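Which chain is which? They are A, B and C, in the order written, and residues in each are numbered from 1.
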Amino acid sequence: MTMAMLWQVLHILLIVALAPLVTGWVRLVKSRLNGRCGPSPLQPYRDLFRLLQKESVVAHSASWVFRAAPYITFAAIWLAACAVPTFTLNMALVPAADLIAVVALLGLARFWTALAGMDVGTSFGGLGSSREMLIASLAEPAMLMVTFSLSLLSGSTSPARIMMFVLSGNIGLSVSLGLALVALIMVALAETGRIPIDNPATHLELTMVHEAMLLEYSGRHLAMMDMAAMVRLLLFLALIGGVFLPFGIGLPGGGPAQAAVGLAAFLARTFALASLMAVFETSIAKMRVFRYADFLGGALLLGLLATIFHYVSEAV
Amino acid sequence: MPVLIPEAANPLFWILAFPLGGAGFLAVLPSWRQAAIVNVAISIGTFIGSLALVAHRPEATRLFFIDDFNVYLVLLTAFVGVTTAVFSAAYIGREVRARRLNAMRLRFYHSMYQAFLFTMLLALTANNTGVMWVAIEAATLATVLLVSLYRTKEAIEAAWKYFILCSVGIGLALFGTILVYLAAQPVMGDGPDAMAWTLMIGRAAEFQPDLLNLAFVFLLVGYGTKVGLAPLHAWLPDAHAEGPTPISAVLSGVLLNVALYAILRFKMLIAANGHTLTPGPLMVTMGLSSLFLSAFMLYRRGDIKRLFAYSSIEHMGVITFAFGMGGPVANFAGLLHMTMHLLTKSAVFFAVGIIAQNAGTKHIGDIRGLTVSHPFIGWGFLVSVLAIAGLPPMGVFMSEFLVLSSTFARDPLLAAPLALGLLLAFGALISRASQMAFGTPLARPTLYGRESPMVMTFVYTAFALHIIPVMVAGLYLPPDLVRWFQSVAKMLG
Amino acid sequence: MLSHYSYDIAHLIGATVLMAGFALLYQRRLQAVLNTFAFQALALAAAAGWQAHVQNAPHLWVTAGIALVFKAILVPFALHWLVKELGIHRAVETALSIGWTMIVGVALVALSIMLVLPVTANAAALTRESLALAMSVVLLGLLMMITRHNAVTQVVGFMALENGLILAAVSAKGMPLVVEISVAFSVLVAMTLFGIFFFRIRERFDSLDLQYLETHRGDR
């Protein structure tokens, strides 16, 4: 029991500690692929530190929503990330964790961010909020569809139990799982605001989705928001890696040695996935806004097909 | 089961080898005049082979077989092949004179004509359902290329529509064929046995009924597209109107019949298995809708070939209705109607071809007074249209009467729409035909020139050879034919 | 005796063909449609090859070869060339919006699964699965033909339908004549495509029409 609590606490701290490194790594790989030297992977830490020390400037027209939103957003996303196992399945909160709750928490975070974007009354903030809501209205059902098919497969909505099921090897090369993977990748790209949905490095307000909502933020508020985005990226990478490639993860009842192996495995697959994502982002272009519906509709339909195919395999 | 490819003493070998060899030979023969004559000669050879086939039926193999159903269809196909080849020889001479066709295209035309006859005979005599499918698919290909022969914009559009619709139909028919194989496979093992019709019919009662049901739906929709059943008929009027008239004649007469033959072979399998859903209501519905749709469309047609294309749809609808009703009388009527329609419709198209060339136009409004300007063909045309419309005492009337009476006996409510549809079609055709046959003739353009009287005599003889049996069939049918029809009617259930 | 994994692999390849069918419906650019079709043909070749291996049927290797060479390489290449030569409009015109098309597509997949699975209760698991997938691909190809105006995309839809049929044919264990059927289909497509498109090229470029030359030659 105490081991479980220990691992849980370590997990919570690991997420926050690792998230900026992962983001920095992605930026480095993208730069190298573009032929540039690129910033050091530790740069996000320095940026965050710098922002935390600066004064937070707030507009006259801002309300309490504007000031509260960064904290609520960060807290919601951090809590959601706590439910997704990274290096071990032997954690205290596992029985309470639920993928649907994760989706709900992500939704909560997005809601508050969107409110904050509209709060000050600038047009770009509103633009970002409306686009974000468009994406959310399509991505959330898709994510739930994926959750549905994963839980049908494994018999539980807890991410830890799903990973245990995949590890146990009962699943073979399931088409249902493959389709769920593709759908989840598409949803992850949308939720974390990467190309082809949103360009995180853009400076042009008219092409922004996520950044537009953060335009008015500065100082520690901006630090919280950036941190939230980084943790969200790590959450999705951990989820995809854990559900579809859970090899090496520490099992319940395992000791420190297993946890160490699990940590190494987790780091390996997270950075590998991050590199793959960077390569993918470099090789395609951002899609136009009116194509979001097609893209995310495709993800939703893939999730639906994953469920249908599950029943096909059952019936055969 | 003996050897797969029939050997030289077998008439089956000759009826398949002649057209196939002919196709190859005609592809390289440069002169179109010689090609026309060679075409007729090869068709005569095929016809003699089919007569030999009637006299002496070879044993069934896994690939080919002859029974009561396909023997008379083979004979008729070969016969229509000869007469249409004669008509084609006269027709294309005038087309060349009018500069609508050149030597290169005629080489292609003659070669494809024989290739088409080969595929039709192959489809009729095939025992293997896959071979039958391949033959019908090859026939689609040959006719698509022939429909677009004139290379006008309308011809290309017609060929494109034909290609798209019939290819989809063929694809669905293939799916049905695969499903039938899957139904047969657990009972008969893997391999060619599960696709041989003669072997399957014996054990069809053991096949899984649900799979057969699903398969038949696909087959009916797929091959039904090629038969021209509504609502899948959209390709038929254009393809018949824009292709050369000899091709319209064989399309209408032969191809529609062979596609229906394919459906009926599978219907026999369904009938042999007692637990399947009866396909009757579906066929009845499709038949009636074809009948009504075409009957109404007949009234407003302006193009003569399109008029008779719709008439083909109408008759195919009646035939499908008859087979859908089922029972010995209705099946007999359907088989008789298939035969009569084949003979009459080809004759009609012969007449239409000559008339259109004489008048220089295909437009009905511009054709008048045929009985005055060209007495033989004018009266012949009128007689053949009366035959196809179903005037007593000709063959078509006999078969329609049999269908009506058997429907009335079994299901009086269906007989009313059937009778109505037939009467509507009758009215439209009679009014059009009399409009063209009587009155004062319009000025005759000489674009197409005149063909020599000797050639025209051959054409008229061919025409007569089609019409006279139809006229006689209302009163007298040869007993052999009746026997064949009755045995097939029993197999159809 | 098929092991669990060989069944799974066949299922996976079949699902890839189906996904490619959906991807065909999703595209908005003509070149993307042609590339996606090439991918579907590639998956089909893989499926045929796998069936050849699993069923011990060497003639299916020929089918796989035909699918690979003809459909994955020759036809897309030729269509690309045609699109360029004829200057065909590069955007895909649809009768139904892409979103609705995909929804109808999923409904068709569900329909075919509901139709095929109960009916084939006696057949082998591998066959049933592949048949359900094949029927879905056929219906998706049909949907594509119905909802597209452009001639090139209609032909691609037809060839996608054909891919589904070949998938069904290779999955039916021991079915003879599969090679002949796939050859027949390929010949149909090739001849018609080039017969009709060739005429359009000639019409457009107003080029050497021999008939006119013959008229002026003074010969008959």
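Observations on the structure shown:
We take it that a contact is a pair of C-beta atoms (placed from the backbone, for glycine too) under 8 Å apart; a residue touches a chain by one contact, two chains touch by 3 or more.
Keep in mind it's a predicted model, so treat the numbers as computed, not measured.
Fewest steps needed to get from subunit A to subunit B, stepping only to touching chains, is 2.
Relative to the centroid of all protein Cα atoms, the closest per-chain Cα centroid is that of C. Between the chain pairs A-C and B-C, more C-beta pairs are in contact across B-C.
Averaged C-alpha coordinates give centres for subunit A and subunit B that are 65 Å from one another. One inter-chain figure worth recording: subunit A and subunit C are separated by 38 Å, centre to centre, where each centre is the mean of the chain's CA atoms. For this pair, subunit B with subunit C, the centres built from the Cα atoms lie 30 Å apart. Looking at subunit A, one finds that none of its residues touch two or more other chains.
Shown for subunit C are the residues that touch two or more other chains, of which there are none. For subunit A in complex with subunit C, the residues that touch the partner chain are 172-175, 178-179, 293-294, 297-298, 301, 304-305, 308-309, 311-313, 315-316.
Looking at the complex, you find that subunit B touches subunit C at residues 99, 102, 104, 128, 130-131, 133-134, 137-138, 140-141, 144-145, 148, 151, 156, 159-160, 163-164, 167-168, 170-172, 174-175, 178-179, 181-182, 185-186, 189-192, 194-195, 208, 210-211, 213-214.
Listing the residues of subunit C that touch subunit B in their complex gives 115-116, 118-123, 127, 131, 134-135, 138, 142, 145, 151, 154, 158, 161-162, 165, 168-169, 172-177, 180-181, 184-185, 187-188, 191-192, 195-196, 199-200, 210-211, 214-215. The touching residues of subunit C, when paired with subunit A in their complex, are 4-5, 8-9, 11-12, 15, 19, 22, 26, 98-99, 102-103, 105-106, 109-110, 113, 117, 125, 128-129, 132.
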